[in-house]
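In this document, chain identifiers A, B and C correspond to the written order of the chains, with residue numbering beginning at 1 in each.
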Amino acid sequence: MLYREAGQFKSSYADDQRIFPLRQDRHAFWALLAAAYVGVPLLANDYWLQAILTPVLIFSLAALGLNILTGYAGQLSLGSAAFMAVGAFAAYNFMLRLPWMPFPLAFVLGGVTAALAGLLFGLPSFRIKGYYLAVATLAAQFFIIWVLTKFPWFSNYSSSGVITAQVLSLAGYKFLTPVSKYLLVLICVSLFALAAKNMTRCAIGRAWMAVRDMDVAASVVGIRLMPVKLLAFAVSSFYCGLAGVLYAYCYIGTVEPEAFSLDLSFRILFMVIVGGMGSILGSFLGAAFIVLLPIGLDHILSALPGAWLPAGFGSNLQLMLFGGLIIFFLIVEPQGLARLWQIAKEKLRLWPFPH
Amino acid sequence: MSELQFFAEVLTGGLLSGLLYALVALGFVLIYKASGVFNFAQGAMVFFAALTYVGCLEKLPRWTGLAADSVLLVWLALLLALAAMLLLALAIERLVLRPLVNQPPQTLFMATIGLAYFIEGLAQGVWGANVRGLELGIQDVPMDWVLDHTGMIVSRFDLFAAGVAATLVTGLALFFRHSRVGRALRAVADDHQAALSVGIPLATIWRIVWAIAGFVALVSGLIWGARNGVQFALTYTALKALPVLILGGFESVPGAIVGGLIVGASEKLAEVYIGPWVGGGVESWFPYMLALLFLLIRPEGLFGEKHMDRV
Amino acid sequence: MAARAIGPVMLELRNIALSFGGVQALRGISFDVRQHEIRAIIGPNGAGKSSLLNVINGVYVPQQGEIVFQGRVRRRMDRHEAARQGMARTFQNIALFKGMSVLDNIMTGRLLKMRCNFLQQALYWGAAQREEIAHRARAEEIIEFLEIEHLRKTPVGRLPYGLQKRVELGRALAAEPCLLLLDEPMAGMNVEEKQDMCRYILDVNQELGTTVVLIEHDMGVVMDLSDRVLVLDYGRKIGDGRPAEVRADPLVVAAYLGNPSMPEGHA
């Protein structure tokens, strides 16, 4: 009986346009934030921070980026990981070559560089759509990784293009512990998730969705398709780029271009599909699901009396599970986990009545 | 060797390997025409087919007690691989295509990405992930006759592969032109609803076409596998069929062939002539960039029809 | 008709020709639209009515002819420019944004009037928030006018056909157009829905002074609503004038109205 909206009257459009119009939702959200900012740093151990929470948050950011492009603006991309790579390598070079630069600025510039790359590879969307565009984004994937591997300048002439993230320090404080890195990621992700939510509920979000749903009608309403699509590419790549920066600086530490492979791009796409196309919440749910699935699988398999399991069984099972789940979600719930969550909430609102 | 001779040699090598791209692309085109699905899993199917063949060849002596060098073994392995592809086609139609009928093309496309993951996991899960050699009995050596007469190095294997590709393409073209299935397929490609309404069994056509695509994948897998070894990287090679399709258009068999030739030749030429300037590895991205540039100029492909959005 | 002064010519098409491949959709059509009037376009299926509408706001590019709108002569109209100059329209096959709610669809109609850039929107602070709320208020006026308040948060893909047509009209009205192009706004509706739609169109025309160009098959509706009627057949203009004149024109009667296969009232 706790989840009721009785007695909550919206007396202005501002009230109705809040992110969480229901009071219970608002309270739950603040509680979640408090848990993430206070509870987790106090309670979680290093394994949880480093191996689970930080990557989930980072990939949520990447999934948000792809979701803006694919879920909201309807432009399919298979090159998200390449834009992560651009972000990571750009931030590395800004900090390396301009040592005076405070790292938040380098992070943002990393994202901006990725956005510019995204803009460039988004140009073909003027002429093509659908899977033609998807193939075009493969060009970004292969070309960018090749450039970062073949031109040693980008990795400061290290062997095989590996970069080692510099120590982050701000006003004398060094981000060395898992907790500090986790909090840094959390701050970035919450800020940009809020920005994404704001964009998608405002005019630009509606323009993106209009282009996605019916481009002819969108142009008749007065939307200029090209700038709107390009903005989606730029914003999306910025998010992916920033995720790449965080991946290098707060998660892996030492990273080579090949880490941002086509496989990673696909996994980000899977996060969006499983989580829910066109949903901010879905980006988080999908990222958590896709990051946690292999970890959970490993735990289960290692718990089995598994001497009889062939080598590489886990990773192949993982591939099959990913593939199977994608097909399953596309068939059964194309709007993903976010939609399931919404259905559950509606059920709860009406409980104990069936309708 | 003169500059021109060298150029011709590179070009010939590129054209011959281009026919192999065309072969993979052919599988895409068949499926696209019949079911409107852009089948991203074609590369995975190539990998699966080759791995199944090699795997059967390894395991069969133990299962059947035949001598490891028996000719019968090869045929048995081929038959089993073919049967596996057939089963796969039936399963895909039943479990993926049918539930997703009438969904937007983008959804189907993403489903085939999932399918690719599933097939790759399945193939390696069943047969193991180690790289294997595949022996077709044709040596990858220069042809003496060509070398003597023109001074160019043309691989015997490349020529053989090109011959197989050409035979397969011609055979399929004839099959689709003259058989009942072929006519039905063309009707389906033209208009699903209309084809259904004159009594063409859509599901059957899909199964047949996916099975044929499986057969094409097997042939491509054998040839690619014999050249580069049967390994996961095969799926990346097969991905190059995508730029081939963009160049040739998704619905055109001749387009797939010409596109394959262009991609094969241009990437070899780029590797040889641009590669040294930029540190090599140009082949990994060149076809995609070529396709990208091409799209900007002619989005409908070489053989595709220009069409206008009607509202 | 209520007192509502018909103004000067605001839109004129001169000798427009359009073809798709070998098919001639429009052959040398000329016609004009005056300010504040309701201008109907009728004709059998395939006569070129929708094509003509599509030429007016730049969805199709004619091979020949000129379009004069608000005093400017153009070889072709640009869709974006058309919207900016105050044209809004609906489509024969409903071109709503299926994944968006009714409210968002209508808000999309106001996009051209919104000024904040995407950075301001990302912050949703100050100007951007005020703008959203102000436009929401205008969108709500339209929702109220069209009597779809209870559906504002429903995704339009889940609405029945008649309501979708209404939402599409809402999206067009949200742009506060001076010229409204309606492509069969009443097709597939029952009598009550048609009456509602007629009322909305008349209200908009009389109270806001919006000029309306309308394609419609229901002759009863056309005769009641419109000030002047253009008749097309096989891409040619075969009649143009007041409803009564057109109805009496033997050429029109022969080509269209008198067709015995089309019963009276739904010709």
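By our rule, contacts are C-beta pairs under 8 Å (C-beta built on N, C-alpha and C of every residue); 3 or more make two chains touch, one makes a residue touch a chain.
For clarity, every value in this text was computed on a predicted model and none was experimentally measured.
Novice: Out of curiosity, which chains are bumping into both chain B and chain C?
Specialist: A
Novice: If you average the CA coordinates per chain, which chain's centre is most distant from that of chain B?
Specialist: The most remote chain is C.
Novice: Whose Cα centre is nearest the centre of all Cα atoms in view?
Specialist: Chain nearest the centroid of all protein C-alpha atoms: A.
Novice: Using mean CA coordinates as chain centres, what's the chain B-chain C distance in Å?
Specialist: Taking the average C-alpha coordinate of chain B and of chain C, the gap between them is 49 Å.
Novice: If you average the CA atoms of chain A and of chain C, how far apart do the two points sit, in angstrom?
Specialist: 41
Novice: Between chain A and chain B, tell me the centre distance in angstrom, where each centre is the average of that chain's C-alpha atoms.
Specialist: Their C-alpha centroids are separated by 33 Å.
Novice: So which stretches of chain A touch two or more other chains?
Specialist: 216
Novice: Quick check: what residues of chain C touch more than one other chain, meaning two or more?
Specialist: Answer for chain C, listing residues that touch two or more other chains: 59, 91, 95.
Novice: Which chain B residues touch at least two other chains?
Specialist: If we look for residues of chain B contacting two or more partner chains, we find 311.
Novice: Provide the residue numbers of chain C that touch chain A in the complex, in ascending order.
Specialist: 57, 59, 79-80, 82-84, 88-89, 91, 95-100, 104, 107-109, 111-112, 114, 116, 118, 121-124, 128-129, 131-133, 136-137, 140, 171, 175
Novice: Per the contact definition, I'd like the list of chain A residues that touch chain B in the complex.
Specialist: Going through chain A, the ones touching chain B are 74, 76, 123-124, 127-128, 130-132, 134-136, 138-139, 142-143, 146, 149-151, 216, 262, 266, 269-270, 273, 310-313, 316-327, 330-331, 334.
Novice: Under the stated contact criterion, what part of chain B meets chain A in this complex?
Specialist: For chain B paired with chain A, touching residues are 38, 95-96, 99-100, 103, 105-107, 109-111, 113-122, 124-125, 128-129, 236, 239, 242-243, 245-246, 278-282, 284-285, 288-289, 291-292, 295-296, 299, 309, 311.
Novice: Can you name the residues of chain A that touch chain C in the complex?
Specialist: 12-14, 16-17, 195-196, 198-199, 201-207, 209-210, 212-214, 216-224, 231, 235, 278
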